[in-house]
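In order of appearance the chains are A, B, C and D, and numbering begins at 1 in each one.
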Amino acid sequence: MSAPPAVTLPHHDIEFRVRYAETDQMGVVYHTNYLVWCEVGRTDFIRARGMSYADIERAGVGLAVSELSARFHAAARYDNLIRVRTTLAEIRSRSITFDYVITNAETGERFVTARTALVSIDRAGKLVALPQGVRALFETTP
Amino acid sequence: MSAPPAVTLPHHDIEFRVRYAETDQMGVVYHTNYLVWCEVGRTDFIRARGMSYADIERAGVGLAVSELSARFHAAARYDNLIRVRTTLAEIRSRSITFDYVITNAETGERFVTARTALVSIDRAGKLVALPQGVRALFETTP
Amino acid sequence: MSAPPAVTLPHHDIEFRVRYAETDQMGVVYHTNYLVWCEVGRTDFIRARGMSYADIERAGVGLAVSELSARFHAAARYDNLIRVRTTLAEIRSRSITFDYVITNAETGERFVTARTALVSIDRAGKLVALPQGVRALFETTP
Amino acid sequence: MSAPPAVTLPHHDIEFRVRYAETDQMGVVYHTNYLVWCEVGRTDFIRARGMSYADIERAGVGLAVSELSARFHAAARYDNLIRVRTTLAEIRSRSITFDYVITNAETGERFVTARTALVSIDRAGKLVALPQGVRALFETTP
């Protein structure tokens, strides 16, 4: 009897270098910038699946961060090549949750792990169902 | 027999206005800026207790965020008068944890609740004991 | 025969402390943050004259920076008390120009001098006349 | 008699997408972010020539912006693919000047033109000669 196939959650990688503007006087990346990078990761994930987050907004729906948590394991430095791995953690009728692992793309050192939950809201800020297009993006296999 | 006196955890308030630079194209404050404000809150808390965070760093010790969590309840807008209430949640030998409630100072509307744990590190990034001066700041009554 | 009264251009001061997030690994304020402060200065100037920049935008007109220049004389540091002095330099039918002097409010040390020209645009980004209300703000004596 | 060879100033291009965090409530890129991108452009220019700006700083010399000017021609938007073209404008004993043209990499639309002068300073903030290594980077042909 064979084992069931391993389930791989959809994920996506993006790489870029730390900007000088992102450092602080401790000589490392200022901590909130990792959370900006999480957004860079998830919007690139959406783009890689064939939709632009800009298009989603033009259709009148925004994805607003409703919850966020992060653990800071080690400090990234100016000019480090950063990799953000974004994984779909959960998708529900009105929310979508992503996990992130931020590492040094050259050494593999782990900087930050984080999770964000996003809710879909209309232009008035009211909770609405996730656009079908967004759900569809993540319901196909990676 | 009388009830024990209510214990009030030390806390501190600071107010300022939302900057235009802090908004995003959704027309509200970009979410990571609330976490920058948490830092404004905790450093002002330390200053109000008679010590400057700049002095702590000059003494060779930094306080680095090791964990962070936040819930986003409502969206602040440009020019809103923001109040950050910072409360000491826990102090241990090498870490200190603060809670934050970010509200509209004029209406009381609650925008964000957050918690950050900070660890004390030396210039090489190694964990060290919290400076005695920092501990002392919070061991006196508010 | 008496001398004509000295002409004082309208100006406005605002003070605040340097945030940790505004520093970089050189140990000083990252240079573009001074330009964010210029905006804090000019919007507070407008507010002090009785109008909110938020109101201007709600009326459908934005003020967009069209030109900017700055000289960096000395470096501000974390926790410095900053003073931004904003002076009205010129007002024309579709543009308004401000000058800024950014100093250490405690020592008087001059950090940055800057100038920005802003043009008024409608929601489609087209140049329009400055709202009469904005012109009026600056046509009264300081 | 043949014409002299056309002189091409050394220049360098880098491309990246506009981040959501870089927009403001006018629905376009907040103006100081273009100046952050200029720095991304010049540090990548230096890297492309075989030196890392991080190495320059480790050698004890920083390049600090001393003057800056910019003209804003059109507004970039979220998710636009940005191209920053950095050109060496002038190199002197203690300063180096770069010009920038920021465009939409897909349409060629010009967003911003800018110039920054940088001076070399030691760790105490005192003006020093540009490191020979930096001069050498730009004295070879592109």
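In the analysis below, a contact is a pair of C-beta atoms (placed from the backbone, for glycine too) under 8 Å apart; a residue touches a chain by one contact, two chains touch by 3 or more.
It should be emphasised that the depicted structure is a prediction, and the values quoted were computed from it without experimental measurement.
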Could you compare the number of C-beta pairs in contact for A-B with that for B-D and name the larger? A-B
C-D, B-C or A-C - pair sharing over half of the A-D contact pairs: B-C
Of all chains, the one whose CA centroid lies most distant from that of chain A is C
Chain centres from averaged Cα atoms put chain A and chain B apart, in whole Å, by 25
Calculate how many whole Å lie between the centre of chain B and the centre of chain D, each centre taken as the average of the chain's C-alpha atoms. 36
Multi-chain contact residues (two or more partners), chain C: 20-21, 25-26, 32, 36, 78
Interface residues, chain A side, partner chain C - complex: 20-21, 23-28, 30, 32, 78
If we count contacts the way the header does, which residues on chain D are in touch with chain C in the complex? 25-26, 31-33, 35-36, 57, 62, 64-72, 75, 125
Seen from chain B, its contact residues with chain C in the complex are 16-17, 19-21, 36, 39-40, 43-44, 47, 52-54, 77-79
